[in-house]
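Chain IDs A, B, C and D follow the sequence of writing; residue 1 opens each chain.
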Amino acid sequence: MATDAKTDTAAPARPATVTLTIDGQEVTVPKGTTVLEAALGMGIQIPTFCWHPKLKSVGACRMCYVEIEKMPKLAVSCATEAVDGMVVHTDSDLVKRGRKAIIEFILANHPLDCPTCDKGGECDLQNLTYRHGIDDSRFDFMKMRFTEGAERTTFDDVRIGPEIVLNRNRCILCYKCVRANKEAFGEYDLGAFERGNITEINAAPGREVENPFSGNLVQICPVGALTNSDWRYKIRVWLTKQARSICPFTGSGANTLLWKEDHQQKIFRCTARRNDDIDDGWIADVTRYGYQYVMAEDRLQTPLVKKDGKQVKASWDEALALVAKRLREVDDNKGNVCIGGLIAPHLDNKSLYAFNKFMRVTIGANNVDHRLDYPMLPTDGNSAFSILASRPFTIADIDTSDVIVSFASDMLKEHPNEYLRMRKASFFRQAKIYTIDPYAVKNSDIASLDVVYTPGADEAVINALCLAAAEDQMVDAARIKGLKEKLSHKSAADAAKAAGVDLDEIKVIARALANGKKITFMAGELLARSSFREAAAAALANLNRLFDIDSRGQMARLARFSNSRGAEKLGLSPFPAPAVKKELEAAFGSWPASDALTADKMLVQMNKEAINAAIVIGANPIMLYPDREFAREALEKLDFLVVCDSFETATTSLADVVLPLASFAEYTGDYINMEGRTQTAEAAIKPRFQSKPAYEIVSLIAQALEKPLFKSDVDCGTEMAKILAADHVLPWPSGYLEVAGEPVATSEEYPIPLFVGDDPHHSGHLTEKANSLLNFRGEAYAEMSAELAASLDVRNGDSVRVESPVGKVIVPVRISDWIDTPVVFIPRNFSSTPVTSLLMRKERVNRVKITKVAD
Amino acid sequence: MTIDYTIFLISAAVAVFGATMMIMQRNPVASVLYLIVSLVAQAVVYVQLGAIFMGAILIVVYAGAILVLFLFVIMLLNLRANPELSAGMPTLSWFTRTAVPVLLIVELYFVIDRVMLPSAPTGMLGEVEDNFGAVHDVAIKMFTDYLYPMQLTGVLLLVAVVGAVVIARRETAEPRKTAVNPGDKAEKPSNTVAG
Amino acid sequence: MLEMILISSAKVIAVILAVLTGCAYATYMERKVVAYMQHRIGPSYAGPYGLLQPLADAVKLAFKEDIVPDGVERITYAIAPIASFVPAMLIFAVVPFSSDFTFFGYDIPGVISDLNIGVLYVLAMTSLGIYGIVLAGWSSPSKYSLMGGIRSSAQMISYEISYGLSIVGILIIGNSLSLTDIVSQQASESWLFFGNWYIVKQPLGFLLYLVCAIAETNRAPFDLPEAESELVGGYHTEYSSMRFSMFFIAEYAYMIGVATVGTTLFLGGWNGPFLPPIVWFVIKVFMFMFFYIWLRATFPRFRYDQLMQFGWKVLFPLALLNTMGTAAWVVLFG
Amino acid sequence: MKDILKAIGNVFIKMPQGFLVTLKYFFKKPVTLDYPRKKKPMVPRYRGKHYLERYDDGTERCVCCGLCAAACPADAIYMEPEETEKGERKAKVYEINLLRCIFCGFCEEACPEEAIFLGQEYEFSADARNKFLWTKQDMLVPHPRKDNPFKRILRRVRKVYGTPEATR
């Protein structure tokens, strides 16, 4: 299967086409195309159950029968490769009879419980029975029935995962779920068991179907065998309408449909909207179930205003008047630069731009940033990290790359769609996958090489790569020139030792990078969250220059949030790209003279009481900033704090005024994903309660300050269009950068490196309000290797005390299947466990000690 | 002062009061009502005198029939109290104004002079014979001694009735203005549609 | 003497109570009988078979607001119901409801007052009853009431003559105006117990009495004074509450009154075999009342001109004929 | 003279005839009902107020599939499903707006579970608009049924022949 021609259309040189006739029409298709795909390409509908465009064909259901001349029997079109001169009939009487027989055969054991079945109304079997089927059955025996439970409590539905309910009676054994789980997600928690009449799909023994993509299994099930709790028994499908939305939690912006009901103003589910450029029709569960926070019961309903130390409900007019009054007071007393603005990068373009203009024109301060969960941000717009973050990236190119490197990135947790792309490339094309991480991550199972370096030695491992390539002359000598002088590590072995990795492995990767035809190099959040990311970014710039990756592929730090790239493009950072800044100046008519402060610096200034007021929109710095105490102290010292959020959070509890923020599903907004692709999320429902979109809130505050932002929405759009048109991509530096590799400090008292990030089923602070996701992971945990757990004498679920010099938390242990070094990972998404309180913003690697909590 | 005497006095007073009020009322209906009061009181007096038949007849004929007829006529003509009635009335001549009372007084004198009143009204019922004023006696008197006056009175009443009819007919002799005959609804266009 | 007064008072109270109760249940009977004749059920909610319906009606009427409209002749308006009610009750003073009976050793006559001109007294009372109606119609500031009053007075005048004349036949034969005498004349010891009843001797007189009595009491089909379809409520349109109920009671009291008088005059009064006299009397009155109601259920209302023509051109000559015929009979054969 | 004879004839023949007519009706059975106490038995196929059937063991027949709501031409039915402990589907909210309902019986026709029927009840006046919103509790037949075994047999027989019966 090395040359699976299905996706290999990039080689037109070979005359690999065949011509066949389908229903009297001649068609020419690439060699290897199946008859079914050829017919579908012509717009001929052939009914299927088991076929899926992104999976391999198995021909399990036989529904796609076609008649092919000179073949003795009906042929299964999804498993029949098109050959020259084939004459295919898809609509002959024989085919119709065949389909009818298949439907009857499937219905022999399929219960007719459509009224209770949630698939009713969108069920493939239902539709095809209507179209091709019969209205009576010739089978007069009892249907096969799978049940669970004792006689009196018999039930058909079994819960095989936190969210998935299986009804084996309805299953028609198309194996789509099992195949998708295996081929697309690389999971083996679902399988087919037994033989013959009692064949059943079920969870693997002793396991639950809880992989982060399990929702897709429900969506692709052609019948109602797999249903999920989210949608189960909520509403009938024909009563709903769909809003075309996008994922608000990931950087790729997977396309989704929000199924809503207009009268009730409710969203009932979220499904994938296949976009082959971005998501291939698979969405992660965090996307699928995360929308539930929109419908959460504890949304903020009205503005809150602090009176006598207590937050009380207030009207919008009252709250806005207070905001305007207090901002003016602070402004008058302390001066322009004393007001800071933080905005979350999951808000839409218009909100971001409005806030940008509000801060820079209405307030007149340069203090605006969206990167609020990163410590020690570079204070220079031209830093290597900024360059790396601004580089272009194309998701679909991952598919076609033959060398894929993920560096310092837990892809499953951070970029689920790109994670699936890597799996796709690996499974269908046998692409070479290399992961270079401070701890082993999920996709190490498909990696040709999984390099685990010493936590904190980010730049050392990249230096080792560069030096190995230079020493072994893998690239042109001209490129090597000038490199070694800039690096602090004198040799590849030196660097590999500093990084704690095997030089041979590094050499393999370097050779692959040097020889790869198409390379994708992705740097992730573990780099970005590192306090000393700048050195690693510089090392990556050197790497890019050395291997000339840009000419053979792409290299970028992937944008983490749904509109991170949009925020960059709209100049929502202290140091916008020069082209963007030029457009902004033109649009604003002025540029604030004050110092540009990053989010990180703003917090520092707040701690010094140099910034006295702040506006925080949609963000929760206390929970997410990697030094909880620091962030809280900073915000507590403020004279006046306005927070817009959808929920009451740790940050809103400090606020003087809390304004309810509308969620992504409640207004139409544009989002720019990591590729720079602008996508629109349509409003599904009206803003719930009294919440308002961020741009409206910002405009209202500006109006209350008597400095309106825009004359009209049209003005806003034209201004924004000009800015978005500006090129924000920063060029690589002209020469090699100096990389000072510092040794990683160790500590006897706190031996274990701690990594804090998102759980695979969560993202940020909002998904905590999505009940389905809480069913997957409801509380924080300490993920660690089995060896470490054994050394601590703890088992899965035992509580451990995780202590750092500044704090401690008690969390249950979760033994990881892939982490094999003594590190610990704790998700930050759960407000009940303030894991960020363990972190110190200046630490290169946060280290903790773990002790078992006695029962 | 027996009970009978008291009753007589009260009845007499009511009768006189009713008669007086009757002629003093401007409202014709009120006049009729006072007349009824007077008549009932008189009937009581008759009964006390033993003339039960007369008393009953008084009520049946006068109160029951004739005054109802009066009321009917008054109501039909809708004669309400009219303040302009007296103002617009022609003043009587001085002769009439003096002559009528004088004549009445003279007449009264002769009557009082001629008639022998009983010495005392007490015990009236006891002093008359049993059948005094009963139907039988009245009938005998009426159809023997007073036969001709009685018949003449009847003729007189007949004449009066005929005269009244003649007078009444003259007023309504003109042709009616509204057509009562269904065939006469001629020139009026029937543009109204039932329902 | 005192005993006589007490006995008389007791009789008066008993008769008044009986009449008032009779009036109440006459309404019930009327509604029920008319309902059955019209294929309906009639009152059935208050009490078993709706027997407490009259009580409920009475309570309802008593507790209604007493509305006096603007523009009424206040005194007349107030007098009218009383003027209607009192004569109706007075009729029963002369009606013999039973033979003389002995009660705790006292001989008690079956009549409150045996007036020797009883018939005339009855005529007088029925003719006085019209005043209530006429005055009610006149004093109410309403054209419906006035029309009711006018119609009533005209009807009264027209039918009273025939009413009186219809009885004259009996008077000629019986040679007495006392109702007690008339009843005793109708007694019979033979097996043909109704042989002496005046209905046998005066059939035409009875018919005339029947018709005129109905007309006198403003009952259907002679209920023009209160013709609902034309005059809303007729003379009592503007009355409510107790004042209205007095009219109501008066109407039914008149009905019972003429029924008792008719029974006394034509149907032999309390005479009858086997049963006690009072029971016979009640049975006969009941039948009379039933006929009243039956008539209402059967006949439509007269038109006004029909009413007048019938009264003057049919009843009056017939009554004269009856009188003269009876007189001739008595002179020739008596 | 002829008129007089005719009048006499009327009095002695025609009028008694008329009296006899009314008297005849007096003794006939009334056609009206003692309405609030006795109700008119409606024809078996009368489409009155809806009721929701149960299985013999008391569980609700309705699975909240929504077909009645889909079939309803007046859009009078609103429902929200929920999951029972056993994982079965069941109506959490089932409301019929009787002001919108046109009593066409399509819901009855559409129901695959034979759960909803239009009953014989025709009295549903109320004094407030919201009282016309009939919820599931209003429509579910009581369990156990308050009727005798004979009625139960009768109901089963009727069910075989597809005739809805009064339950309230």
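Following the convention adopted for this analysis, a contact is a pair of C-beta atoms (placed from the backbone, for glycine too) under 8 Å apart; a residue touches a chain by one contact, two chains touch by 3 or more.
Treat the numbers as computed from the prediction; the structure is a model and nothing was measured.
Peer 1: Centre of all protein Cα atoms: which chain's centre is nearest to it?
Peer 2: The most central chain, going by mean C-alpha position, is D.
Peer 1: Measuring centre to centre with C-alpha atoms, which chain is farthest from subunit A?
Peer 2: Relative to subunit A, the chain whose C-alpha centre sits farthest away is B.
Peer 1: Determine the centre-to-centre distance between subunit A and subunit C, using the mean Cα coordinates as centres, and give it in whole Å.
Peer 2: 102
Peer 1: If you average the CA atoms of subunit C and of subunit D, how many Å lie between those two points?
Peer 2: Chain centroid spacing, subunit C to subunit D, equals 50 Å.
Peer 1: Between subunit A and subunit B, what is the gap in Å from one C-alpha centre to the other?
Peer 2: 116
Peer 1: Rounded to a whole Å, what is the gap between the Cα centroids of subunit B and subunit D?
Peer 2: Centres of subunit B and subunit D (C-alpha means) sit 70 Å apart.
Peer 1: Which residues does subunit D have that touch at least 2 chains other than itself?
Peer 2: Not one residue in subunit D touches at least two other chains.
Peer 1: Considering only the defined contacts, which subunit B positions touch subunit C in the complex?
Peer 2: 29, 33, 36, 52-53, 56-57, 59-60, 63-65, 68-69, 71-72, 75-76, 134-135
Peer 1: Over in the complex, which subunit A residues touch subunit D? Could you list them?
Peer 2: Those in contact with subunit D are residues 114-116, 118, 120, 153, 155-157, 159, 165, 232-236, 238-239.
Peer 1: Going by the contact rule at the top, pick out the subunit C residues touching subunit D in the complex.
Peer 2: On the subunit C side, the touching residues are 33, 35-41, 44, 294-295, 297-299, 314.
Peer 1: Which bits of subunit C are touching subunit B when the two form their complex?
Peer 2: 73, 76, 115-117, 120-121, 123-124, 126-128, 130-131, 134-135, 137-138, 146, 149-150, 153-154, 156-157, 160-161, 164, 177
Peer 1: Which subunit D residues qualify as touching subunit C in the complex?
Peer 2: 7, 18-19, 21-23, 25-28, 30-34
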